[in-house]
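Same chain, two partners: subunit A is paired with subunit B first, then with subunit C.
Entry: the complex of A and B
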């Protein structure tokens, strides 16, 4: 079961985030759900890179050749977290402008612009 | 699409995709036994090839450098987008007074808050610089260090309020640090072209493994990333802080559509 758990956690996070996006009544809530979906990719990537019994890929005190986990996926997740935070800020700025112009944050109350 | 239709579509797609996803999870290699061809190759050769001891930084700033340049540009675009969106409606003026919720008085900040802010901000800033500078030897790097530096700057706002924050974190300086960091990254790549090597080729001396000066071209790239991330997040904080202010001219808030 433990061999399956990380993949199932990633699937669960993706599914629950997507459910939140589909049923969302508020754009701020929707952006939070999008972050949950994004977190599922972190779980998946870090679980793929894990090696049983291995240490961090830092060879400062250990000599190179000591069993270590995958640094490539860690680098991917590292940049992704920072970019994700910035993109979340961009989406929140969009939500802020939407509230100023239309006075609502409910996706269902928005209609296509005519003309 | 109505809410019911959307929910039905979601349920239907879950019904179709769930068995496939579960089968996929079942057939994945066991946790902790996934084959890691790239990671093991990097772990085996990077210390000898680049004289660095932090493999994550070696991947980020050297082996996968062009990819990180792309992500750096994404950060720049996102921060520029936030600035354009918020400043476009508000203008660039920073002469504003605090906005407040109708009917609620502005409470003065407690001295404990100011004290903690003043004590913690320099410590956090110093720690951020430490994490950013030791990218090539110990855990850390420009991304992590930059975010910690930006958090230290925000502590100045929590402790001393908007006016002090504006004085010690001028928005033009932060814009310059953000763009300058990304520019430094791109220019570091051109250094390889000058010597006839490929873009982002590591052409500087590698230095002693485990020291702050190891890594060659990774040092300016790391500094550029640290500047871009710290400046970028400081700009983001600043733009959202400005949203809580109202113009001195007493324009009704939200009336400018």
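Entry: the complex of A and C
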């Protein structure tokens, strides 16, 4: 059961993030929900690389061969964080510009092109 | 010498982009244009050399010298095969044509456009050449981020709204992909395609493998704009600057479908459940996209939005060709990809010319205003007829191959359904052309209720400079039929049976023989005739008797209007449809 927990947390975060995006009434809130979806990928990847009782994958003081968690997924998470930061910054900048021009951030009032 | 080539077409544009950005405020006006164009041409030349040099065996390059030890892959590699290199070369040519078209268009922005375009190109070439799943994801992200910035950086109001929708939906796609990669790594413990392929072969019916395919394919189909993941595309294309729309439609969208193919041929080559789902669900989604895209294109008045929906329709044809999982169908898909890229890029450039010279992009506003620009009109009509399926050139060869393969698979209905898509998009383009260049159609029908916007682009470029690239591309699409199809056939063979013996070893899909006769043209002529008739009916509706007009309006509202109402422009709806698409994958894995 404990072994299953991180996977359930990942699915839960993914689900509530999507629910938040679908029902959001404010773009800043929506961007936050996107980050929640992204957090689910962090949890998933870290769960993939976890080894019970193992330490960090740094062998400076430990001899090679000491049990360690998988460093590959940690590299993936790091890349993911960098990408997430770039995209969130870009989205917030777009939202800021939009607020300047339209005075609202409600997705229901903001739609591309005149309808 | 050859073995050092693979990283260059990626590293070169990345390095030049950094240099341009650092020096952009010091450089005189035309220098960024020239430097960017030269860089793109050099990268293209490297890709062409690799496409020629990899006819027999693929070219392998391990970054940092991390070669495999005892059959275990440690590093990240590029494995350049003929389809990947040829596609990269085609994308390079498309970028070169776009930069010529956009010459001097972006004076005021200090080379930012060129920097982003070079990053965009590097991402696409890396996507075509890589042999590592996580590396594929990184290139996918580079493509996405460059595309987000290119859509929104003019900071016009509609562009901001569409860029937000585009970014949120595509970022969700990236996260789906990343989750899929994590699941595959959890099950198999490898990230290179060959190792993953072996691992999948060891667990062919595994639930985790099925879930990983669902997530990876959904992420890529969001980029490929396939029903029901397609909603973002029309908004983004409509508001992006014309040169950017050219690259979006000509290359980026098709790469999403190519990515699904790459994973199906390598990583999931030995998973029968995945093949069954590709065969059933992706074929269905491709056909649905072809028809939905066609109907929606017909319902538009914003010219770039119209072309964007037609891109969805034609990308659906690519997906259907891929989903047949036969060598001849894959060859058809590759040929159609290039042909569609050429024609659609040309049409977006022609729309850009109208936007620059007539100061509008709305079909109904533009009525009759194109008459002075008759060379543009001729090219526009030719592009419309080619989209409708005119049986000359590479598009017809591609669709013919897909149709023949579908018949051989006992799915003869695929060809006619895809033809509905080509006829509808052809009719949409021809209707717009007739209205703009021939002053027809004073009484607009359902298209007058479509979303639109007043727009302007810089007008000080000479007509010949803007018209030369689309004219050359349309000509290339017409003359390059037979040889291109033969080349696509060989490339498809290599793509579907990755000769991985020189990396780690492993067999794959059985080959299928080349069809003995060239594809038939019957269906193509029917498609062209339907497109012309439909465009004529829509332009001449003011001549219809009153009763026929009422009937026409009721039918078109039932068919087109209900579908148009689903495209709300609201981001929550788009994400709901995405979840529906994921559910479709789950259902089809359960059923097959």
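Operating definition for what follows: the second predicted complex is superposed on the first by the 111 of 115 C-alpha atoms of A that agree within 3 Å, B and C clash if a C-alpha of one lies under 4 Å from a C-alpha of the other, contacts with A are read in each partner's own complex, and residues count from 1 in each chain.
Basically, a residue touches a chain if its C-beta (ideal position, glycine included) is under 8 Å from a C-beta of that chain, and two chains touch if they have at least 3 such contacts.
In this text the structure is predicted, and so the values were computed from the model without any measurement.
Q: For A:87 in the superposed arrangement: first (subunit B), second (subunit C), both or neither?
A: In the superposition, A:87 contacts both subunit B and subunit C.
Q: Kindly classify A:112 by the partners it touches after superposition: subunit B alone (first), subunit C alone (second), both, or neither?
A: Second partner only, subunit C.
Q: Which chain, subunit B or subunit C, ends up touching more residues of subunit A in the combined arrangement?
A: Between subunit B and subunit C, B touches the greater number of residues in subunit A.
Q: Which partner does A:73 contact after superposing on A: first (subunit B), second (subunit C), both, neither?
A: After superposition on chain A, A:73 lies in contact with both partners, subunit B and subunit C.
Q: Of the two partner chains, subunit B (first) and subunit C (second), which one does A:38 touch, if any: first, second, both, or neither?
A: So A:38 only meets subunit C here.
Q: With the two structures laid over each other on chain A, which partner does A:30 touch: subunit B (first), subunit C (second), both, or neither?
A: Second partner only, subunit C.
Q: Thinking of the overlay built on chain A, is A:18 touched by subunit B (first), by subunit C (second), by both, or by neither?
A: In the superposition, A:18 contacts both subunit B and subunit C.
Q: With both complexes superposed on chain A, which partner does A:57 reach: first (subunit B), second (subunit C), both or neither?
A: In the superposed model, A:57 contacts subunit B only, not subunit C.
Q: So which positions on subunit A get touched by both subunit B and subunit C?
A: The overlap between the subunit B and subunit C interfaces on subunit A comprises residues 18, 22-23, 47-48, 72-73, 79-80, 83, 86-87, 90, 94, 97, 101, 108.
Q: Show which residues of subunit C lie in contact with subunit A when the two form their complex.
A: 134, 138, 141, 145, 148-149, 152, 155, 157-158, 160-165, 167-168, 171-172, 174-175, 178-179, 181-183, 185-186, 191, 235, 238-239, 302, 305, 451-453, 568-572, 575-576, 579
Q: Which residues of subunit A touch subunit C in the complex?
A: Going through subunit A, the ones touching subunit C are 10, 14, 18, 21-24, 27, 30-31, 34, 37-38, 40-41, 44-45, 47-48, 72-73, 76, 79-80, 83, 86-87, 90-91, 94-95, 97-98, 101-102, 107-108, 110-115.
Q: What does subunit B use to touch subunit A in their complex?
A: 3, 6-7, 10, 14, 21-22, 24-26, 28, 30-34, 36, 38-40, 42-44, 46-48, 53-56, 58-60, 64, 68, 71, 74-75, 78-79, 81-82, 85-86, 89, 137-139, 141, 143-144, 146-147, 210, 229, 232-233, 236, 239-240, 243, 254, 256-257
Q: Which of the residues in subunit A end up touching subunit B in this complex?
A: Touch list, subunit A to subunit B: 2-8, 11, 15, 18-19, 22-23, 47-53, 56-60, 64-65, 68-75, 78-83, 85-87, 89-90, 92-94, 96-97, 100-101, 103, 108.
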